[in-house]
Structures are given as structure tokens and as C-alpha cells.
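Chain naming follows the written order as A, B, C, D and E, and within any one chain the residues start at number 1.
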Amino acid sequence: MTDVLVAVALLLVAAAATAAVVNRDPARQAFVLSFLGLSLALLFTYVQAPDVALSQLAVGSALTPLMILLTVRKVTRGSAGGPARTAGPGRRPDRGTARDRRPRRGERR
Amino acid sequence: MSVLPYLVAGWIFLVGLYGLVTSRDLIHAVGCLAVTQSSTYVLLLAVGYRRGGTAPVFADAPAGARVVDPVVQALTLTDIVVGATVTALLLALVVQLRKRHGTVDPDRLSELRG
Amino acid sequence: MRTSDGWLAAALVPLVLLAPVLWRVATGRPRDRLIALNLAQLLAALALLLASQGFARSSYLDLALLLAVLAPAGTLVFARFVGGVPAAPFVRRIACAAVPATVLPLCAAGGVSRQSVKLLVIGALLVAGSVVTSSGTQESAEADVADPAGGGTGPGAAGGGAEGGVPGD
Amino acid sequence: MSAFPAASALPLVVAVPLLGAAVLAVAGRRLPRVAADAVAVAFAGTAAAGALLAAAGWARGAGGAGGARGSAYAVQWLGGWRPGRGGGTGIAFVGDPLSLGLAALVSLLVIAVLAYSWRYFEEPPLPPGSPGTAGAAGRSGAFPALVLLFQASMSGFCLTGDLFDAFVFFELMGVVAYALTGLRVEEPRPVHGALAFGVVNSLGGYALLLGIGLLYARTGELGLAQLGRRLDHGGGPDALVLAAFVLVTAGLLVKAAAVPFHFWLPDAHAVAPTPVCLLLSGVMVELGAYGAFRVYWTVFAGSGGVPPEAATRTFLTVGVLTALLGAVMCWRQRHLKRLLAFSTVAHGGLFAVGAGVLSADGTAGTALYVLAHAGVKAALFACTGILLDRYASVDEHRLYGRARELPLVGGMFLLGGLALCGLPPFGTSLGKAIAEEAAGRQLPWLTGVFVLVSALTGGAVLRAGLRVFAGVGPRPRATAAETAGTERTHTGARNRDRGTDRHRERDPDRGRDGVDGGAERTPGDEVPETGGPLRRIPATMLLVPAALLAAALAVGLVPQLAAAAGRAGRLFAAHGPYAAAVLDGRAAHGSSPPAVGWTGTGAALGLASTALGAGLALLAVRGPLPEALDRVLGPLRRLQSGHIGDYVAWTTAGLALLAALAAPGTVLGR
Amino acid sequence: MTRRGRLRLFLLAALVLAAGYAVACLDLPPFGGDRHPYGDRAVHAALARRTANAVASVNFDQRAMDTLGEETILFAAVLGAVVLLRRTAGEARTEPEPARVSAGVRRLGLALLPVALLVGLYVVAHGNVTPGGGFQGGVVVATALHLLYVAADYRALERIRPVSRYELGDAAGEFAYTMTGVCTALAGPAFLANVLPLGTFRALASAGTVVLLNAAVGMEVACGVVVLLATFLDQAVEIADAPGGPRSADGAPEEEPT
């Protein structure tokens, strides 16, 4: 029975990791990373590593998302998403390339 | 089942690398780095698992209980701390990078051509 | 330690339910993602509770306790950046239904002991957290950002737009 | 404890700087700058004394008292967890001559750095009236504290005899180095370089950890000695051992900046504060190679590990590639810090070749080479730092003839160039001679690689020195490519100036410099680290490079050092004796150490490479390279794109390359 | 490199790696195997040292050096982040306005704060007996304090957070851990040796120095994480970018058309 749990948790972790990578916008990625931490904690519990699961929960559920989101806020503040724009192409290539052509002071090309 | 955990670890590692290679946003890249590192957690704990074993914590288990490997768990704990701190430091660098370069898109950062 | 497959099989239920939740977390609009994450934390806590019983390790209850305490914190963190906790009657209903449905049998199985007290505390925390964090209160995501430029953008742009809060995508 | 000096001092070498860092992190803010520096020097000096004491204890032969009495390895089981039957559960610190010597080198170099930045190095400025966090940043303790942490991490990495403990120190080294590299956040490039550095090195660390996991799965051990033993009992190598070897070696080679893992190094060195460059180039990069070979010899050199021919094939190929690419790129540079950085890459390649022939004398020669190279390269960086702080530029062309007024610095810079070429009797020459002789016995043409690479790197330094300090040759003209580069980076230069207004006030002509500094896409305009250009050079800034050069000279002249290197090489390049000493406390009974010293051919080759380097330099100052050559080298330069995605892709490719190199003879064709 | 070239190079290399790694996995002992020599020795040693939580015994006793390095990494990262995220010249500091938080959320946060603090301290204190320890508990404590930010108000957080104090605690934890090692090396048998009386198995005060080191780690982690988050919050909430910064180019707020 434990093996089944471990297998399901493993697949969940793999799926969450993939989803975290293909979510190009960091703010959206933060949600998935949080979920990844959660599924990792479950996996650790099923392989009988409660200590590790605890620290994964402690780090993954609030600490890392808070840091990432604070960074996103700092980076996107003022200019309505300069980086949100650079993150844009990741999920909407059409608009992103259009923006890349727009000349902006303080940047190359 | 006997190799699934190891393969999953490898998959996570490669997927994280893929995200880093194709990333258009450094914050996203740092996130991908964290994903890459989680592969090491999975591998280490999978290596230390013992079928039918329980956690090596004898607070509520008889001292003779069949337990899994505590060493890899200690290693993974250290690993998680390393991951969190490195993430924090890199994010700090990204914040300053954004201030100085006006972008966090690696394709636009070409200051360091050799 | 001998494990009891019945409880572990029960633990499989919330675990499997996490898969569709992941889909929502990965593809939904920010508010949906937040709701889904909220739900995921709830399910994970239930899975942990059942696993603790299934592995016959009362010390595993600490995991669920920690998650029950930290989950609202995480949700509120995200809520700060999508401009408030969205209303999610669905999550609330699940919390009110599933948490007692899990905790009470566990208490019954454990008998009256410190564990059952801990279980009840965890259950109460879970319900309270889920109920409040799914009770759709709108707050300004920009309130704590004293940024002259940011003022003009409002939650829509910096709170939602930057964080991907693009309603129609 | 009777055995105190030798073995028990080992952990203290790591602990003392940590205490110093903790003290400085708190007290630094309240102390005046001088006091903070004094405290830092005191702690670093104590650790250095400990390392030297342990080394001396080893030299007296009492080294093993902590673990194996009479053995040449000083073994200290932390927490007193001596191994009973089985491998024990503790971590061992193992001091053999090489690791002790490297630890001592680290500590001494740290002292040199602290002296070099004595009271001059501009601390992160304290914003007026800023509370808590921001105020904490401005304190004068942060820089020395980080340097002390750096020292502790590097010493620990040298001394530990446990693979996972090495990973921990590897990561600590990295974290401190990223912070130190990005220290000057007012400028755009340091943060970028530090980020590339951080991402690539973290990946290296994770690869290393995956390798550790695989090894643990196979052997169920973590100590180097235990790992080696279990592998040998396990029978011949298989795909698992190969994968572990590839992952672990790759992780350590990332730190060693071997091709194609090297991209982070020039980016980091070009932008890191000069005192930090002294440490990065002087010893941290070399530690990567040390780790790779330490792990190979202790873990993989046995019957159950990677066969020697496969290992030497891997190390030699990577080393030669690294050396050649580094040398060519070094020759191409005009940004002095990047030039020196690429010469570090090239010499790292030579080290990999010298130790990669897997012989005792090759290792001994490489050890001497590393020792002397640290002195020379640190001295060169120190001189460059003086230029930077005096002229707010490190661009070879823009500084043309401007530094005539600094004959002393110029003399030291050119001397360093000659030493880099391998001019006897510098230690670089001795080490190079021994290493290339050992390599030549394996493959004759490797000698040519040594000569060519040291000539190119040294020649590049000489060329720059002649132009900057003596104004030899015509004033360099911008080539077509460079003017194009200027065009491209025009806005970039403006962007760059923004962060640094307060410096521009002090230095009115930086605006212009900033603009035409765009040439070569590595603009030469820099911000002085002293806060405003230097009018008078402090004595310390002159003393440090002088002392470092003298030390490099001494390495070549003191025969005891060469003899010690010989014994060090034998003890380092040993598989069984190491495990015996660490686990069983048996004395190491190895073959007699190789005779290491000056030979006629070695000196002749040194003179030859020096002459070649000087000739190339004189040829180069006459005029720029022919366009054709430029076109050939163009693509090489474009690889150094500064794009993190590129670097990660190359790192992945490097992993695949190592696998392809090590597979034949290990799993294929057996 | 072009985006496509980069991707090609990576995919090629990844293919080779995947193949090699897969083959290596087949040589690995099957998942859940029974051979764990080091693990078994560690468990015996832990029981001999009357440490109920074998993982804690490995972390704080048998491989205490790893944990020292780990805590130093955290210490260095905090120091580095504080230095990197310092307020640079020309950056203005703006006072944050009070946040408008719904009553329910505020009540939840304020009710949760003491509970979370207690849980954190509980996890730290029982580190040598039950799962958990200094790191996990320390992070929980630090997170608990930041409930004030997410549930109430940034300024409320600032009131209970004199950052310099927490920096002191951070350094003190690091110092205490290292000093323990130095003392046991100079006066005792060896560096980081477990010299204290071991106490009784499964008791709160068992396992000798493990308790001490665990507490030191807990303090350092809690304070360090607070300082770390403080630097980020300082940037995100209080520090306005330098005038004329790069982003001020077309910083016109634009609602993304959707």
C-alpha cells in the first residue's frame, strides 16, 4: 500500500515540477512552486522522512513564495510590469515580440 | 516501481535545466533552479528508503523497530536549507539587476560579452 | 511498525484528488490558482492526518499541525498579491464536510488520549483557516505599497496585471 | 591532548574564522573601520597560524598523532567518532601535505587581501539615517566578515575527508563568493556577473549532490576513504559508477572553470572587487581542481572505480581544451581584469593536464605550480587594482602610456607577466617544468601545450604592461569591430553611468570614457573601489603585490618546498594508503617520493616560453591583429555571451561531454 | 547563441544524459532495498547516545560539522542579502500606508500568531525527540511573526521587529554553535564532541549537546529568516527606486489589454 502512495506522490511531484517550469510568469510560477513543495512534503512523509517533510513544509508553504512574490512586486512596481512584459513573451509570444521591438531608454537595441 | 523514483529524480533535474535554458525572466529562472534542486531531495530519500521501515524517530516507536536510513534524511535537511538560502541570495541579485539594467530578461542583458 | 492499509487507502483519496487541483493551480487565473492552492493545502493536511494513522505514528501528527498553522499564512501571502482572498464557497463546504469526516473517525480509532486532543486542535485550525481564507474579502493589494507611480496603476495593474491577474486569459 | 598541534588544530582552522565572522557581523557596525580590519586580520592570522602549525607538525612527522600514529596523514575524527568496525559514522578531517599546504595558502592569501584592502577598500556606503536593514548594510564589518567566511569555507573544503561535507563547504564557498562578487550593487555589471556565477555554480553543486546520492546508493558510505574501499569490494565499474564519476567530477570542474563550464569565471572576475579577485583567481578556482583529483584518487582510483586510462583521457582532454581556449581568449582581451581571468582559465587547464596524467611527480609539479601561480596572479590583480583606483579604467588601450608615472607598479606587473610565462627561477617555472615533464612522458606534444599556453597568457600580460606602463608601440587604434561595438553599447554605457552618479562628480571625464568604453563590448570604464580616483598609492597596496611576487620567487628557490611537494604528490596520488591511514590508522608505506627539482631541460623550456611570450608581446604592440585572425577568433568570443541560458546549456553539454569521454573503457568495450 | 541554437545544444546534451542516467538507474539497488550500512551504524550510535530522533543525532552529533556548515551558509546568505539589498545612493525611502485588511483576515492572523509561535517553539524544543528541530521550528517562528504583515499591516510588523536585534541573534546563534565546538576541542576530547550528560532516552533534555546545538540553530534560523525577509520587505515596500532609474522610461501604467 505504501508503494502505491509513494508512486502516486512521485508522479504528482514530477507533474508539479514540469508545471512549475512551463509557467513562465514568475508570479504564476510561485503558485505552482508552492504546490510542488506541498507534494514533496507528502512524498517525504510516505518515504518515512517526517523531519524532511517538516522543513519542506516550513520553507515551501510560506517562506519561498513570500520571497518570490516580494521580488516580483519590487521588480514590477512603478513600471506596470516592465518585467511582467518580459515575462509576457513566455506565455504570449505574439505580444512579447511586439514589445521587444519597442525602443526603451536604458536598454540595448 | 523499483527504479521509478530514480527516474523521476532525473526527469525533474532535466526539466529544471530546460526551464533555465529557455527562461525569459530571471525570477522564473531562479524558480527553475529550485525545481532542479528538488531532484536531489527525491534521489537522496529514494536511496535511503527501506521497504517496511518506519521513520528513524523512536519517540513513539520501539527501539528495535525496522527503520529507514536516517543519514540521507540529515543530508536532505541540509540540502533544503542550502536551497532556500541560495534562492534568497539569487533573488536579491535579481532585484538589484532589475534596478540597474531595467529588465530581467536574459535576452536583453548583454553587458558581459567577452 | 505494522501499517494498517485501510487508513493508507483512505489517505490515497485526497492524494489522488490533488491531481485535478494541480491542473487548476497550473493553468487557472490567479484567483482560481489561489483557491486551488487553498484546497490543495486542505487535502494535503487530510492526507497527512490519515497517513499518520495508517503508519501508526502519532508523531507524524506534527506535520499536519504545522501545515494547518502555516497554510493560512501562505494563502494570505498570495492573497496580498492577487488583491484579496477570493470567495470560495466550494472550498468552505469541503472543509466543513471533509475535516470532521476525517478527524472524528481518527479520534474514535485512537481512543481518548493526547493524540485525539491534538487531532481536534488540528481539525479546528484547518476549518477556521479554510473558512476565513475562502470568505471572499476584497482588500487593496496595493495598500501596503506606498509608490506614487503604483498608486495610478491600482490593484488591476500591479496587484493583478503584474501578477498575471489578467481577467480574461 | 598530546597530539594537539598537528591533528586537533585542523577543525580550528575552520572554526576560528567563523567566530571572527560572527563577531564582526555584530561588532563591525559599532567599530571604526581600522578596528574592524584589525579584528579580521587577527582572526585570519590565528587560523593561518593554525594551518601552518599543523603543516609544521606534519613536517615533524608527528602528524598522524590525532589518528594514525606515525602516518603522514593527520587524521582528526570530529566529535571523536572514531570508526569502530565498519566505516564509523563521523566526519574525518584529513591533513596531508597538499591539503594542509592549500589551507595555509588560503589563510595567507586572505591576510594579503585584508592587508591590500586595509582601510582603503570602499565599504558599501551607509545611507544617512537608514534604519535596520539598510543601515546594517553600510556597516564596516560586512566585507571582512564575508572574507573570513570565505576563508573558513575554503579551508574546510581542503581539509575535509567526507564527500558530503565537501559539498557543504562547496556551497558555502559559492554563497559567499556570489555575495562578494555582487558587492558593488551600484553598478550594473557586478550584479549580472554574480548572478551568472551563482546559477552556474549552484548547478554544479546539484550535479555533485546527485553524484553523491548515486555513490551512496551503491556503497552506503560518505567518507572518501570508506567510499573507495566499498567500491573496490564491489567489483568492476559499471554505468552507475561512471554516472557518479561524471556528476561528481563535473560539479567540481564547474568550480575549477574547466571548458565548457568556464563561462562564469571571466564574467565574475571582470566585475568582482579587486580584493575578491585575488581570492577567486588565486585559490578558489584551483580548489575546484583539487577537489576533482582528491575525489578521483581517494574514491575512483581503485579497482572498482574508473580505470586510469578513462580518467586520464577525460582530464587531459578537458584540460587541453581549457588551456588552449583560455590562452586564446586571454590574448584577445584588452579589459585587464578579463585578461587575467582568462589566463586563470588557461592555467586551470594546465593544472588539470599536469595532475591529469595521474602520476606522483605530475601532481607534485602541479602543486608547486598552483602555489606560485597564486602568488603571481594575485600580484597581477593587485597591480590592476591600483590602475583601476588611480585611472578609473582597466582598459589596455585607453590607459596607453598613462601609467608611465608608476614605474614600481609597472615593474611588478611586467615581472608578473614574465613569471606567468615561466621565467626561471620563479616557482611558476619550476612547477611548470616538473608538470610538463611528467605530461610529456605520457604524450610528448603536451609539453608544447604547456609552452604555448604559458607563452600566450604571459605574453598577453606583457603586451598590456608594455602599452600601459611604458607606452611602447603606436597608440592602439580601434578596429572596425570595436567601433561597431561602440555603436552597440552606446546606450549601455549611458545606462551604466546612471547607478554611479556620485562617482562621476569626483571624476568629471567619466562621461566621455563611459561612452567610448563601449569598445569590445567589455567597456573599460570602471568605478574606483576607493571612492574616487586615488591620488597617492597607499604603501599597503604596493607592499602586497611585492610580497606576493617574492613568495612566488621563493617557491622556486627554496629546495625544501620542492622536496615537500614531492612527498605531497606521492601522498596525494595514493588510493590504498589514504584509506589505510584514515580508517585503520596504519602508517602510509608508499613508494619513495619522486625527485622534484630544477632540471636543465625544464629551465630551458621555461626560458623558451618566456622568450616566445616576450616576442609575441613585442610583435603585438607594433599593431593590432590582422583582420583575418580576428574573424577566425570572432565566433569563439561570441560564445562568451553573458546569457545565463547559454551558460546552462553549455554546462549540460559539458556533462554529456564528460560522460562521452569517460565511457570508453569503463562501460563500453569491456 | 540564438534561442534555437541554445535549445538544440541543450536537447542534444540532455538526450545523452538521459540515456546514460537511465542505464545507471538500472544498476542502482532497487527502491526500498535493505542494505544501509551507514544508516544502521548511525541508528545504533543514536540509540547509544540516547537520542530518540536519529536524524537529529546525525545532524547535531555524528555529522555536526555538516550542520555547522549549513548554518554558516544561512548566516552568509543573510549577511550577503543584507549587503546586496542595501539602500543605494539616490534611493528614497517612502512611508508605507496602513493596509486595509478585512476584519476576518485580521482576526485570523492575530489569533494564529501566538499559536504559530507556540508550534514553532514546540518543534524546536522537541527536536531531539520527535520529528523537527532547530531549523524547522525556527522557520515557523519567523513565518509566524510575518503573519503580522500578511494579516495586519507592515508597520505593525516593524514595531515588533527591531532588525538589529535579530541580526544580533543571528550572529549569536552562529557564534554559540561554533564556540561549542571550539570549547570541546580545547577542553574536551574533540571538535564538536558530545560531552554533556546524555540524560534519559525520549526525555526532553536527553542526548547531551544535541539540545544545545539544536537551540543555537533554532535561534539563528529564526532570527536569520526574519532579517532575510526584512531586507526583501524593505525593498518591496519601503525603498523607492532611484529617480531616473532605467524603468522610468515608459513606466506609464498600462492596463494589459485582455
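The working rule: contacts are C-beta pairs under 8 Å (C-beta built on N, C-alpha and C of every residue); 3 or more make two chains touch, one makes a residue touch a chain.
Predicted model, so just to flag it, every value in this text is computed and none were measured.
In how few steps can one go from subunit C to subunit E if every step must land on a touching chain?
The fewest steps needed to get from subunit C to subunit E is 1.
Which chain is most remote from subunit C in terms of Cα centres?
In terms of C-alpha centroids, the chain at the greatest distance from subunit C is D.
From the centre of subunit B, which other chain's Cα mean sits the farthest off?
So the chain farthest away from subunit B turns out to be D.
Determine the centre-to-centre distance between subunit B and subunit D, using the mean Cα coordinates as centres, and give it in whole Å.
27
Averaging only over C-alpha atoms, locate the centres of subunit A and subunit D and give their separation in whole Å.
Result: the chain centres lie 34 Å from each other.
Indicate the whole-number Å distance between the mean C-alpha point of subunit C and the mean C-alpha point of subunit D.
48
Take the average of all CA coordinates in subunit B, do the same for subunit C, and state the distance between these two points in whole angstrom.
Computed value for the inter-centroid distance: 23 Å.
Which subunit B residues sit where two or more other chains touch them?
1, 4-5, 17-18, 21-23, 30, 39, 46-49, 51, 54-57, 59-60, 67-68, 71-73, 75, 77-78, 81-82, 85-86, 88-89, 91, 93-96, 98-103, 107, 110
Please set out, as single numbers or ranges, the residues of subunit E touching at least two other chains.
Only 3, 6-7, 10, 14, 17, 21, 26, 28, 32, 36, 38-39, 42, 53, 55, 58, 63, 66, 69-70, 73, 76-77, 80-81, 84-85, 88, 123, 130-132, 135-136, 140, 143, 146, 150, 228, 231-232, 235-236, 240-242, 245-247, 249, 251, 253-256 qualify.
Can you list every residue of subunit D that touches 2 or more other chains, as numbers and ranges?
Counting only residues that touch two or more other chains, subunit D contributes 164, 168, 171, 175, 178-179, 182, 185, 191, 214, 216-217, 222, 492, 495, 498-499, 639, 641, 643, 645, 648-649, 652.
Name, in rising order, each residue of subunit B that touches subunit E in their complex.
Going by the criterion above, the answer is residues 1-7, 10, 14, 17-18, 21-22, 46-52, 55-60, 63, 67-75, 77-78, 81-82, 85-86, 88-89, 91-93, 95-96, 98-103, 107.
Along subunit E, where are the residues that touch subunit D in the complex?
Residues of subunit E touching subunit D: 1, 3, 6-7, 9-10, 12-14, 16-17, 20-21, 23-24, 26-29, 35-39, 41-42, 45, 58, 61-66, 68-70, 72-73, 75-77, 79-91, 93, 161-164, 167-168, 170-172, 174-175, 178-179, 181-182, 185, 189-194, 227, 230-231, 234, 239, 242, 244-246.
Could you please specify the touching residues of subunit C with respect to subunit E in the complex?
59-60, 62-63, 65-66, 69-70, 72-73, 76-77, 79-80, 84-85, 125, 128-129, 132-133, 135, 137-140, 143-149, 152-153, 156-158, 161, 166-169
Can you check the complex and tell me which residues of subunit E touch subunit C?
Residue list for subunit E touching subunit C: 94-102, 104-105, 107-109, 111-112, 115-116, 119, 123, 130-132, 136, 140, 143-144, 146-147, 149-151, 153-154, 236-238, 240, 251, 253-256, 258.
Please give the residue numbers of subunit A that touch subunit B in the complex, ascending.
These residues of subunit A touch subunit B: 2-3, 6-7, 10-11, 13-14, 17-18, 20-26, 29-30, 33, 36, 40, 43-44, 47-52, 55-56, 59, 63-64, 67-68, 71-72, 74-75, 82-83, 86-87, 89-90, 96, 104, 106-109.
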